[in-house]
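Once you scroll down, you'll see the structures, which are given as structure tokens.
Consider the two complexes below, in which chain A is the common component and chain B and chain C are the respective partners.
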Partner chain A sequence: MILEPGILALILLSLITSGTILYALRHIVPILYAWDLKSGSEGQLQLERRTYLLSTLLTWAFVAELTSLLLLVYTAENLHERFTGAMCAAGVFNLNAFGYPALLLKLGNFLLAGCWLVLNRADNSARDYPLIRGKYLFLLVLTVPLLAEGVVLGLYLLNLQPDVITSCCGSLFGSRAVGLGSELAVWPMRPLGLVLLLAYVLNLGSGSFVLRKGRGSYLFALSGLLVLFLGISAILSFVAPYFYELPSHHCPFCLLKADYGYVGYLLCGGLLVGATAAAAVGVLQPFATRPSLRQIIPALQRRAVWLGLTLFTLCFLVATLRIITTDFTLFG
Partner chain B sequence: MIRLVEVRKIFNAGRPNAHAALDGVTLTIRRSAVTVLKGPSGSGKTTLLSLIGCMARPTSGRIHLHGLDTDWLAPGEESLEITSLPERFLTGIRRRAFGFVFQQFHLVRGLSALDNVMLPALPTGASRAAIAARGMALLERFRVAGRAGNLVEHLSGGEAQRVAIARALINDPAVIIADEPTAHLDSRLSAEFMEIIATLRSEGRTVVIASHDPLVYAAPGVDAVVVVRDGRIGESGSGRTP
Partner chain C sequence: MTGWCERQRNILDVALASLRRRRGKNLSLLVVYSLTVFLGASVMFYSAGLKREARLLLSAAPELVVQRLSAGRHDLIPVAYAEGIRTIRGVGTVAPRLWGYYYDAVYGANYTVQVPTLPPPAGEIVIGPGIARLRKVAAGDLLPFLSYRREDLLLQVREILPAESELVSTDLLLLAEADFRALFSFPSGVATDLTVTVRNPQEVATVARKIVERFPDTRPILREEMQATYAAVFDWRGGLLLVLFGVVLLAFIIFAWDKAAGLSAEERREIGILKGIGWETGDILTLKFWEGTSISLTAFLLGTLLAYVHVFLLQAPLLAATLKGWAVLYPDFRLVSRIDAFQLTVLFVLTVIPYTVATLVPSWRAATIDPDSVMRD
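Up next, the complex of A and B:
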């Protein structure tokens, strides 16, 4: 293990998040089984008070979970100079077998935790705990990937060996490399760009429909997730080479460097937060007809739609502007 | 109407010094009426008032508010169960549905009478000028407008009492809760207080008073007297409403 502030902070945050979830597990089982709002029993009133505490603790644990993704990527980028062969965060994540699984788990948990926070917000906005069982059942499901992330991230960070020679991003995301990243990197530019544009237009259209008519939430959520997947693929395939002005360099992590204006944080962060907002719109939809949520959920959905559309549009504008304004071209 | 169902309040629950301040109280308080909770010190009157006024939570039992003409109820919503509500909702309900008159008045020293009256309305977001106008109107109504700019520590007992009532009314609450309001007043001021209460009742407000003062529970205009003893409801009767 390397004693680095970023690493210590990540381990601490992971312990806090996992500990909070384990603490919550102890208390949500009685809530799931014994909750009865019609009852005025002592037990029910205690459960109601306990849920205020749990909801607050879990909110902060999940906010820590979301921000720790940024810290993980930043720390990995910051550490690359310590390891032979690493040119950016890509090589640091490749230092042992747990690096990329930890990153993927963190990305997935970002989406899930973001959706839980929105669900919790909706529940807390109504007086009659309309989503109490739903949100804690969702939390039970979330427990597995969140605890898995804690374990895998711990294994990754505790097993960072300074004497290990790692691969640079050129070989990890090159055409001859093996793995999901390298496979996405060689996706053909024109069809991928076209499909991404279609997904974005679909997202824009369904988002406008949600804003005007209050319908189309599921389509907006699905198209948002599609934009995320295709957007990341596009970054690997052709957006990153346009920023580097190098046709063979597809690494998404070098975009996090100051040399490129930290544009990677904007592109990847914008896509991820936008997709989380879009997914949350779909997650809220099944509960939109509950009497106490009839006004709360549409309002939350409208805000999430605006957030998603704004971030996706910003990412598209930044990437397109670069492609248009640079002298470099991949169109032969 | 305020309906309490099997309400219990135990202080220090689970400890050797556990004390049941209220034990299985079931009670209905009529709307637009004056109800007096009568009982000796330590009988549970103040605890009961604090539960009704959302200042404390019961250990068990439920409290329902019915038919209150306030804009914090959603359209079509007729009643609200308050014991299950988290604090973020209780704050708003406490501020807008209830007006409180305390035994010692609890006016904030160092502030003028008008500032004291305005205090509960400041977090509502209304403009300061509008709140001040409402506050002055209330002080005029209770004949203390001439003392609006005076610090409250310089007010007489009767003036302080009327400023406290004005403060309770600043957010136009449907329910007035008064805890031993005449404990520090002479007979004339107590009678004056009950006259004010009668006018509040005639405006359609629900008034709940905890008191063991005969000048209160035997006053004309009292609709119901509820006897509280050892945390339980004893015999209840009608007041002397003409």
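Up next, the complex of A and C:
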């Protein structure tokens, strides 16, 4: 293990999040079993009080979870000079078998935790705890990937060996490499760009429909997730080479460097937060008909749609502007 | 949105008034909290600064340095070895280096003396800004030195090196080979060590192995090894202090927990009255959130500012002896002051987040007090 402030902070955050989840689990089960809002018993009163604590604790834990993704990426980027062979965060994640699984779990959990936070917000806005069972059931499901992330991240950070020679991003995302990253990197530009554009137009259309008619939430959520997947593939396949002006360089992590104006944070962060907002619109939809949520959920959904559409559009504009304005071209 | 902001502002008003009412308790918390942040920030800023300087210094170091050993100690290397090394396949250039340390008995300082690749003409020297400050000289002045033969050697300052990174140039003295040999009575035909460039960087380790095979009394040192050693030394020292800081943090968290959990009768009555006049549990939690945030942000700002002054303006008098260690070769080395967003984020996570988590449960206990039971008491 390397005693680096960033690593210590990540371990601390992971311990706090996992500890909070375990503490919450202990109190969720009685709520799921014995919750009865009509009852005025001492037990029910205790449960109602307990929900305030759980809601606050979990909100903090999930906000910590969201920020720790940024911290993980930045720490890896910061550490690359320490390891022979690593040119950016890509090589640092490749140092042992747990690096990329930890990153992928963190990305997935970002999406799930974001949805839970929106659900919690809706529940707290209503007077009669309408989503109490729903959000805690969701939390039970969330527990597995969150705890798995804690374990995998711990294994990754504790097993960082300074003498390991790792691969640079050129070989990890190159055409001769094996793995998901390199598979996505060799997707052809024209068909991928076209499909991505279609997904974006679908997302834009369904989003406007949600805003005007209040319907089409599921389509918006699905197309949002599709934009995220295709957007990341596009960054690997052709957007990154346009920023580097190098047809063979597909690394998404080098975009996080100051040399490229930290544009990677905007592109990947925008896609991820946008997709989380889109997914949250879908997650809220089944509860939209509950009497106490009739006003609250559509308002929340509208805000999420605006956020998702704004971020996706921003990412598209930034990438397209670069492709148009640079002298470099991938069209031979 | 405006309504929400107005509401938060009002609750913040109540929170600040409540903090003011218990001035003594909160001030003591603020002092301890700021000191904790100050300690963590000082360690982080200082070790990051040292590592940055070392990295800058070593990026220009040769790929491979060959030293001669005599009974396990560093000895002067015959220049003839360079010819032998040059014949090894893959080796680019081999250059003998002349360098050493000159102890200035008048000022009690050590200078690093070196003959550069493009040396100044004989009788002239180029000096680092530290020496210029110490000896109060400018370009064109004469500087006297005492050679190992107890003879005076007068050298004219040709120029003063730019202070781009103090650590690299502060104590440096560059001179011609003849002056170097005269100053130290350095025998001819030997050098301090040899620098070797290798055509293919991936073959540095192989070349190093071949050199040892051919000249068993030599020790090749790779640039990567030097970088790793420096990083390891500063990391180990900084890490050690950070682990100690962990203990301080734990003590602080227990202190903060205790402060937050020990509600006075007056505080309980206040919360009871607030709930009695219509505040809900969620509002009291928000109130507690703003109280904690006000204290946290003030302490974070104070601690970071103090650490900045301590590390970059005062050169870390509390930490220098532990962290700098044998790097005190440099008479006046000042860290270039730089803090980035990453360091501040990490510091925030290491100090504010544990405090917030430690005070959440006590805040909730306070927020769920029954108004009638408090008022009846």
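Keep this in mind: the second predicted complex is superposed on the first by the 332 of 332 C-alpha atoms of A that agree within 3 Å, B and C clash if a C-alpha of one lies under 4 Å from a C-alpha of the other, contacts with A are read in each partner's own complex, and residues count from 1 in each chain.
The definition used in the following text is that contacts are C-beta pairs under 8 Å (C-beta built on N, C-alpha and C of every residue); 3 or more make two chains touch, one makes a residue touch a chain.
The structure presented is a predicted model; accordingly, all values stated were derived computationally and were not measured.
In the superposition on chain A, A:Leu37 makes contact with chain B only, not with chain C. In the superposition on chain A, A:Leu8 makes contact with chain C only, while chain B stays out of contact range. In the superposed model, A:Pro162 makes contact with chain C only, not with chain B. When the two structures are aligned on the shared chain, A:Leu140 is found in touch with neither chain B nor chain C. Of the two partner chains, neither chain B nor chain C is touched by A:Val318.
In the superposed pair of complexes, A:Trp60 makes contact with chain C only, with no contact to chain B. Between chain B and chain C, the partner in contact with more residues of chain A is C.
Applying the stated contact rule after C-alpha superposition, one finds that A:Asn78 touches chain C and leaves chain B untouched.
Using the contact criterion defined above for the overlaid structures, shared-chain residue A:Leu107 touches neither chain B nor chain C, since it reaches no partner.
Residue contacts after overlaying the shared chain place A:Asn124 against chain B and chain C alike.
On chain A, the surface touched by chain B in one complex and the surface touched by chain C in the other have residues 49, 52, 124 in common.
Remark: chain C residues 44, 55, 224, 228, 231-232, 235-236, 238-240, 242-243, 246, 281-282, 285, 342-343, 345-347, 349-350, 353-354, 356-357, 360-361, 363-364, 367-368 touch chain A in the complex. Residues 5-8, 57-62, 74, 80, 83-89 of chain B touch chain A in their complex. Taken together, the chain A residues at the contact with chain B in this complex read 37, 40-42, 44-45, 48-49, 52, 124, 127-129, 292.
Chain contact summary for the complex, chain A toward chain C: residues 2-6, 8-9, 12-13, 16, 20, 49, 52-53, 56-57, 60, 64, 67, 70-71, 74-75, 78, 81-82, 84, 124, 162.
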